[in-house]
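There's a structure below that I have some questions on.
Order as written gives the chain letters A, B, C and D; numbering starts at 1 within each chain.
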Amino acid sequence: MTILNLAAAEEIIEAAHQRAQLIGKAVSIAVVDAGGFPIAIRRADGARPLTPDIARAKAYTAAIMQRPGKMLKKWQESQPVFFAQLSQLPGAALPIMATEGSVTIKKDGEILGGLGIAGGTADEDQQIAEDVLQSLGYELEFAAWGVTGRPAGKDA
Amino acid sequence: MTILNLAAAEEIIEAAHQRAQLIGKAVSIAVVDAGGFPIAIRRADGARPLTPDIARAKAYTAAIMQRPGKMLKKWQESQPVFFAQLSQLPGAALPIMATEGSVTIKKDGEILGGLGIAGGTADEDQQIAEDVLQSLGYELEFAAWGVTGRPAGKDA
Amino acid sequence: MTILNLAAAEEIIEAAHQRAQLIGKAVSIAVVDAGGFPIAIRRADGARPLTPDIARAKAYTAAIMQRPGKMLKKWQESQPVFFAQLSQLPGAALPIMATEGSVTIKKDGEILGGLGIAGGTADEDQQIAEDVLQSLGYELEFAAWGVTGRPAGKDA
Amino acid sequence: MTILNLAAAEEIIEAAHQRAQLIGKAVSIAVVDAGGFPIAIRRADGARPLTPDIARAKAYTAAIMQRPGKMLKKWQESQPVFFAQLSQLPGAALPIMATEGSVTIKKDGEILGGLGIAGGTADEDQQIAEDVLQSLGYELEFAAWGVTGRPAGKDA
């Protein structure tokens, strides 16, 4: 399995930070590994105190659910109670957030982690996350739920 | 960054207490600093046992979300699940309450803390909070969400 | 049952605040009612962010345990595990703190509430609390544990 | 009150990261503001999954307790039960960690935030934190507990 290292995480964070600055938004950015644990978090000057935690929970969701938060919205809408219960499971360390600005980091079909952006509008958070991952060569296509995909790592 | 000191907090609390007395309502009033920590809390005779904590959570919300609870209501209404999850983030010490009677304390464009009122009707709580902050020279205008504002203090 | 009203609570808080100032200490002071709910809390300029909550928990303890925190220390020492479990009981809203600076407010044999002081040394917190309550005519004598005392209110 | 901005936080993190690399340790580093909210967090390649959260809790402790974790150890040792209860107070968002690698960020007598290091030995974490803050011109001297210090900012 390919590991998302600190250099790759900070490259993503720096690119997202610059894009947010360009549109005049103060955002927080988080990158987590495939297990949902933080690699790097950055809060821009002026971003609100809770935004680093929001960004982190979005990144966590995208990593461990292995789908962008935006894709999870349909599931959440069709099964709201069940979806809310996901956040209460023993292995769930943070709220599972089905929302914009939460994108799975994937390369060569492998899930490497999650990127979360918080502080802009929902659309801005989403746009920044997608633009950055695409520009850096990550993949933004994900199979629909319930579809068996290629396993998350190379088989031994 | 200007610090909201005890004298300023008690001036706000006393003014709010008097206004509530004038309309015959027993309310609790809380003032917290910019990080959401209490400076002073007062429960009027006859106000219910949980009202000091409600006032504190309202003040906390207005301080760390850097917007009045009333402004947060639109966000909560459009994304109820996401909004509820804010209160479950590791950095959130108290429930994030998008409601009336929760106003950010701001002067010269700087966020100094939050004021929370609980015990009247929603409209009364809100009116008291706004009247008091306006009469004491605090600012009641806040930019829409996701807009980069002036940083909360001079930079190091 | 006599109720500790806001005026009485603020008289206690003001007296404690002045005594702390005299010895050059920035303390937080909390007064709660017989049920442990806050009546008034005040944090002096320079007192640390958690001190209002520490003062409140000390006041809570003295009110609902109906004994000063200092008296509870012997119980805690002889039964540490049992004592720690008190704080986990369903009716316990805050940690039960067996420590200095936590004194039960009692008059005419009735438990009226609790006073908590935090921010000085243990001895200073205790001294301030006792001096203030004594100077204002409250009673500082409490029967040992397991001794049936006069009920907390006048019987109907 | 001076605000610790992102540039200052990342300068601290980069310096700590380099020192850890020099001694061959993979550490996580967190910098939080005066209210305990994260500004930036970085996990070195090879640092364990929970180390970013340990670093954050250490930084949080140093910021809101306004003293380095190492100074808090004596308090924790003399009152272990009371100290453990601090983490259960309503205003405490994270565990209060009295340990090495947790240093308050202070300049010109003002508390600006906290720095947490996790992943090395206790001594290494502490050494890195102190060396970095000293080399960048921050102050490492703190008054004993219960002494009234200069308020954290100019008063309103």
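One rule holds for everything that comes next: a residue touches a chain if its C-beta (ideal position, glycine included) is under 8 Å from a C-beta of that chain, and two chains touch if they have at least 3 such contacts.
Source: prediction; values computed, not measured.
Peer 1: Starting from the defined contact criterion, work out which chains touch chain B and chain C both, please.
Peer 2: Chains that touch both chain B and chain C, as defined above, are D.
Peer 1: Express in whole angstrom the distance between the two chain centres, defined as the mean CA positions of chain A and chain C.
Peer 2: Roughly 47 Å, centre to centre.
Peer 1: Centroid from C-alpha atoms only, then distance chain A to chain B, rounded to Å. What do you get?
Peer 2: Using C-alpha averages as centres, the distance is 31 Å.
Peer 1: Could you work out how far the Cα centre of chain A sits from that of chain D, in whole Å?
Peer 2: That gives a centre separation of 27 Å.
Peer 1: Would you please write down the residue numbers of chain B that are in contact with two or more other chains?
Peer 2: Answer for chain B, listing residues that touch two or more other chains: 3, 5, 33, 35-38, 53, 64, 90-92, 151-152, 155.
Peer 1: If every chain is a node and each touching pair gets an edge, what shape is that graph: line, ring, star, complete or other?
Peer 2: Shape = other; not a path, cycle, star or full graph.
Peer 1: How do the chains pair up in terms of touching? List each pair.
Peer 2: A-B, A-D, B-C, B-D, C-D
Peer 1: Per the contact definition, I'd like the list of chain C residues that touch chain D in the complex.
Peer 2: On the chain C side, the touching residues are 24-26, 45-46, 48-50, 52-54, 57, 76, 80, 83-84, 87, 94-95, 97-99, 119-122, 124.
Peer 1: In their complex, what parts of chain D are in touch with chain A?
Peer 2: 3, 5-6, 10, 33, 35, 37-45, 49-50, 52-53
Peer 1: Across the complex, what residues on chain B touch chain A?
Peer 2: Residues 35-36, 64-66, 79, 81-82, 85-86, 88-92, 96, 145-152, 155 of chain B touch chain A in their complex.
Peer 1: Where on chain D does chain B make contact in their complex?
Peer 2: Checking each residue of chain D against chain B gives 1-5, 7-8, 33-38, 53, 64, 90-94, 107, 112, 151-156.
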